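One chain, chain A, appears in both complexes that follow, with chain B as partner in the first and chain C in the second.
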Partner chain A sequence: MTNETQETLDLTEQEGSEATSPTTEAPAAEQMGSNGLAPGVIETKNMDVFYGDFKAVHDVSLKFQFNEISALIGPSGCGKSTVLRSLNRMNDLIPTARTTGEVMYHGANIYADGVDPVAVRRQIGMVFQKPNPFPKTIYQNILWGAKINGFKGSKSEADDLVENALQQAAIWDEVKDKLQESGLSLSGGQQQRLCIARAIATQPDVVLMDEPCSSLDPIATLRIEELMLELKKRYSIIIVTHNMQQAARVSDRTAFFNVELNTKGQRTGELIEFSPTDQLFTSPKEKATEDYITGRFG
Partner chain B sequence: MTETRDTNIHFHAELEALEHKVLSMVDRAEQMVEMAVQSVTTGDQETATKVIHLDDEMDKTYFGVHRDWTNLMARQQPLGPDLRKMTVLLTLNSTFERMGDQCVNIAKIAQFNEGLPSVERINDQVREMKDLVRPMIRTAIEAYVRQDLDEARLLPAMDQPVDRLNANMYKETVAVASNPQLLEWAAKMLMVSRALERIGDQAVDFAEQTAYLLTGERAEFDEEGMAGSADGEN
Partner chain C sequence: MSVNAPERLIETYFPTDEEYDRHLGKRTRRGFLVRSLFLLALIIAVVALVTLLYTIINDSFGLVAIVNQQEPEDIVASLGHDSEETGLGDLSHDELVSILQGGVSTNVGRRLERDQRFYEDRLVFESEAVFAEICSSAEPPAGCDAAPRDQASVLQLVQERIVQPDIIDVEELVPSLTSPEEFQQRVEQIFINSPERFGEYTFDQVQFEWRAWLNPTFVRTPASGTPETAGIRTAVLGSFWIVVITVLFAVPVGVGAAVYLEEFARPSRLNDFVQTNINNLAGVPSIVYGMLGLAILVRALEPLTSGRVFGVENANGRTLISAGITLALLTLPVVIIASQEALKAVPNSLRQAGMGLGATKWQTVRSQVLPVAVPGILTGVILAVARAIGETAPLILVGAASFFTADPTGPFSRYTALPIQIFQWTSLPQVEWKHLAAAASLFLLIMLLILNAGAVILRNRYSRRPS
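And then the complex of A and B:
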């Protein structure tokens, strides 16, 4: 079993101190749930997300497992990206955004008082819809995240770190001879893999991906999907995708969100079903899921 | 929620057309059962030939369904109940094609048996089996079209008398064994009985596919038509 967990996490503000990289060890037997599954790496409990007075997402309770790919699917406006961004407090960057309920990461609420959102984002990396490498060299793109994380190693240690991240992101062979060239000189698919390498260089154990293939061609998309399947051996991946076939191809579990109209005519996202992917795409439990995946939709 | 609308209307129209094509095969198979048994119990060679020609048409439809199915799957990659229907249609396409083949087997025995003496008691038993098997096919069709799980579950019970008659046919054959010409004829009728028994089993398979379509659970029926042993996992 390759599951990894942290015994304790320090997500509090650490001025000037070296950020901790995850101390990992196998989950103890007593941590296993009654169903034999390891405890979730991230768990939301009755989570609501508001933008000002508008409730964007209502009462989401989800448990994401170790070493699995979980897909969030649903129509536009169902709140799946909002949910994803809530998992590493990325929504905090939106001034009106507010999250209630709990988001437990290794058993600690990331929205608790005193938790530093930046520390959260170091542990829970994110890859965005559009590749967004910095206008710096490929080498610097990778080292940046590690430096933010307090990396102060020697040049050869930095070289190793960069190579390791690029190897894991399956792009090393393509860029090893041009590490000092701009990250922006790469193709779209390569840029996205560079961004994945940058995300994992901070040694997170969860990687969030927000439609990471939506701007890529089918071949580049397949390479990212292959990479995800490889990466799940070391990380838990949560992906938002509009592409149901992509969710079906890569994910172990899929959450379907739908839009509910309230009495004020506001559209609030709700979790309808979270099931093993093979079950959700062949015999979904809920009629709303069935309607969505067969293209019958209100 | 607002009223549900179909945003995949072209695919669903194509799926429906494919479904009609597959169901046309079982309609034809039911007709072929009647004709094949008539030819083998009366020696009607013209009808036997018609059955063989109908099967040629059936084979063309079978290949056409395969072609359309592959195209539809490649283009649409359906999910959920649409995916289940696609898998069911592919299975039924083979099931109905094999029903047609069994009818051809019977028709060819009609050709082989031409001029041989016969025993009316055995002919009656074959007709009786046909009269049991045709309603099985009809019931399976209706269960599918009406999406009626309870009706689908009737099939195993309907199949039991067919199995009993098939088992009895061996005794009937042995009973005429002292006459070499009659034995030659009766041995072939034993194969007719076996073909009808297989068609009955295929009607049960059809009903099991309907149950899978409706429930999403794959299982063979037990004698009461309830889900018995599941296939696949472990």
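And then the complex of A and C:
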């Protein structure tokens, strides 16, 4: 399958309809690649996120590009995970969370009235910090996401979909003989790759990863990183990481967030710098970025 | 022996080695004391349980002293069989009917025949003409349409009407085992002291036999006015119907409410209020639910609960459905709270995973959250059913009959239930009733045990299955 991106997405469409009638028309922006002139796959404009009265992140404007890995780094509590979760409206699950400003996905604001967050998440998938496979078989773990989004294929098409997703996630060889075993029987690194396979089985456009390697050992981490480099050919990936080396190794662009103490003594996250990764790590524009990447704090 | 570092700089606010050792001893002793108290608590619980079981089992089995109006051996011998080889139960249908014919008055025989005929094609006590006339009347008796009696049914009639066993005295299990001769002496003493009590019987006619008060006949026969022939069939069927109605009502409503509260409701004052009330309802005395059931189900909703709306002829709302729904309301808080706890225990990461794939809330709950919560929900349902099956007070209020012999035929039947039957029997003076009540209690316990075991097996299967 080619990367399915839609120029104009009707996000209010009923769930599942995209899966059954995919639009294969490639937008013009995709051909332009990441030359900076494209509108970007996701673009935040003056985004603030609040938890109740508390402002967690302040005025974030970012532009994520097609077929790139963008990393969000910064010290603990700087709101990078909050920003990530705002990109597919996962923050809506927290009753007190509130987002202002705009998050444009292919030019449409996903926080606009009438946009169903379910349709947003169908296009913008997510991989979490802790591997969280469903307590079901490996096969069902992969197929469920497709099914709830309206997959109507035959048994053999379902088999193909499962194999394809597992192969893309580079775990097929390890699990092909035990597809009917529980997803929980795998090791931590395998579970995380299963979760990645599960996320891409619904053929999303963007994959968000929230510190996907933080609970894994270095070898498993390496495998996930190789996988990300492979996956970026088909998907746009945005990753939150605590590990600066990881950001430097895999990402094309890096956003550095920092914590600011406001007048009320609350710690609010702010975007300090967003540059191509090699530039950010070799010649950062901001003093705070330099302090952070050279290990002077955080 | 003390374990101390040889030479070490220790901050002054820590105790010296000597103080530390003394203090450690104190800490260990305190732990030991608490452990002993907990063990004591466990022992108290076990002793209470063992005492309960002992009482019930002690009363459910034991020796009985019986006098038969006619000895079964004599009856068998009078038909020309060898009484050593043939028992009453081995006789044929025809032979048993002939015994009845010779033993009961024509009037009694006619009544029996009108209840249920002895043969499909002919009558024994009644003349064809009279029977046909009765059957064509406005309210024909059951015997006109019912299938004829089988051998077992006739055998029971022979036992009741001809053999007529009369229990003189009964003994509990433990003394029956340890000193049976004392029981014999006691029965003999009764005959010596008050011979007039037994009419023409003498002590020589008394037979001592072992009896399990809980036996298949006891479970199969309906209640009766005499302890020799009383059973729990009606009560068991009533309890079964009530539990089924309770589960059918309480589980969907309870689980539904729990899912709404845990998964869909946003935190609000109103929610807290509802939650607090549910927790309180779990502690409301059951008699209050009985009053609720009486006022709402039996009285206010009478057209519905009596089944009149559905075309069932019934005098009032004191039916199985009223009892079942009353107990469902009673168990609802338990089901809701247990289901809520089970849902709370499902890791949030599963919900996030589901939602992150583009599932709706309900898809996530249905496919990912509920299956994981099922074992916990089942535990709550088991607790609820156990409570419903043993509940007595509300049933008295919503109109369980204390003496009722007809099998329930549907949710709009009148009924009685096991705990009601036990309660009624324990209030009767004759000592046999005590043993019958114990046997019924034992049956109730066994039913509970089977129910629980079934649910545990179900739960284990659910929690082991990967899908």
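Everything that follows uses one rule, which is that the second predicted complex is superposed on the first by the 270 of 298 C-alpha atoms of A that agree within 3 Å, B and C clash if a C-alpha of one lies under 4 Å from a C-alpha of the other, contacts with A are read in each partner's own complex, and residues count from 1 in each chain.
Here is the rule we go by: contacts are C-beta pairs under 8 Å (C-beta built on N, C-alpha and C of every residue); 3 or more make two chains touch, one makes a residue touch a chain.
From a predicted model like this one, the values you see are computed outputs, not experimental measurements.
In the three-chain model built by superposing on chain A, chain B fits alongside chain C with no clash. By the touch criterion stated above, A:Leu93 is placed in contact with chain C alone, chain B being left untouched. After the chain A superposition, the centres of chain B and chain C are separated by 140° when viewed from the C-alpha centre of chain A, nearest 10.
Looking at the shared chain after the overlay, A:Ser182 reaches chain C, while chain B stays out of its contact range. In the superposition on chain A, A:Asp173 makes contact with neither chain B nor chain C. Shared-chain residue A:Gly295: touches chain B; no touch with chain C.
By the touch criterion defined above, A:Thr137 reaches chain C but does not reach chain B. Of the two partner chains placed by superposition, only chain C is touched by A:Ala119; chain B is not. In the superposed three-chain model, the partner touching more residues of chain A is C, compared with the other of chain B and chain C.
Judged by the touch definition given at the top, the superposed model places A:Gly145 against chain C, while chain B stays out of reach.
Legend: residue contacts after superposition of the two complexes on their common chain; A:Ser283 is shown touching chain B, with no touch to chain C. Once both structures are fitted on chain A, no C-alpha atom of chain B lies closer than 28 Å to one of chain C. Remark: chain A residues 244-245, 248, 258, 260-261, 281-284, 288-291, 293-298 touch chain B in the complex. Those residues of chain A that touch chain C in the shared complex are 15, 88, 90, 93, 95, 118-119, 121-123, 125-126, 128, 130, 132-137, 140, 144-145, 148-149, 180-185, 195, 198-199, 202, 204. Those residues of chain B that touch chain A in the complex are listed here as 1-8, 11-12, 77-84, 215-217.
Residues 266-267, 347, 349-360, 363, 367-368, 371-372, 466-467 of chain C are the ones touching chain A in the complex.
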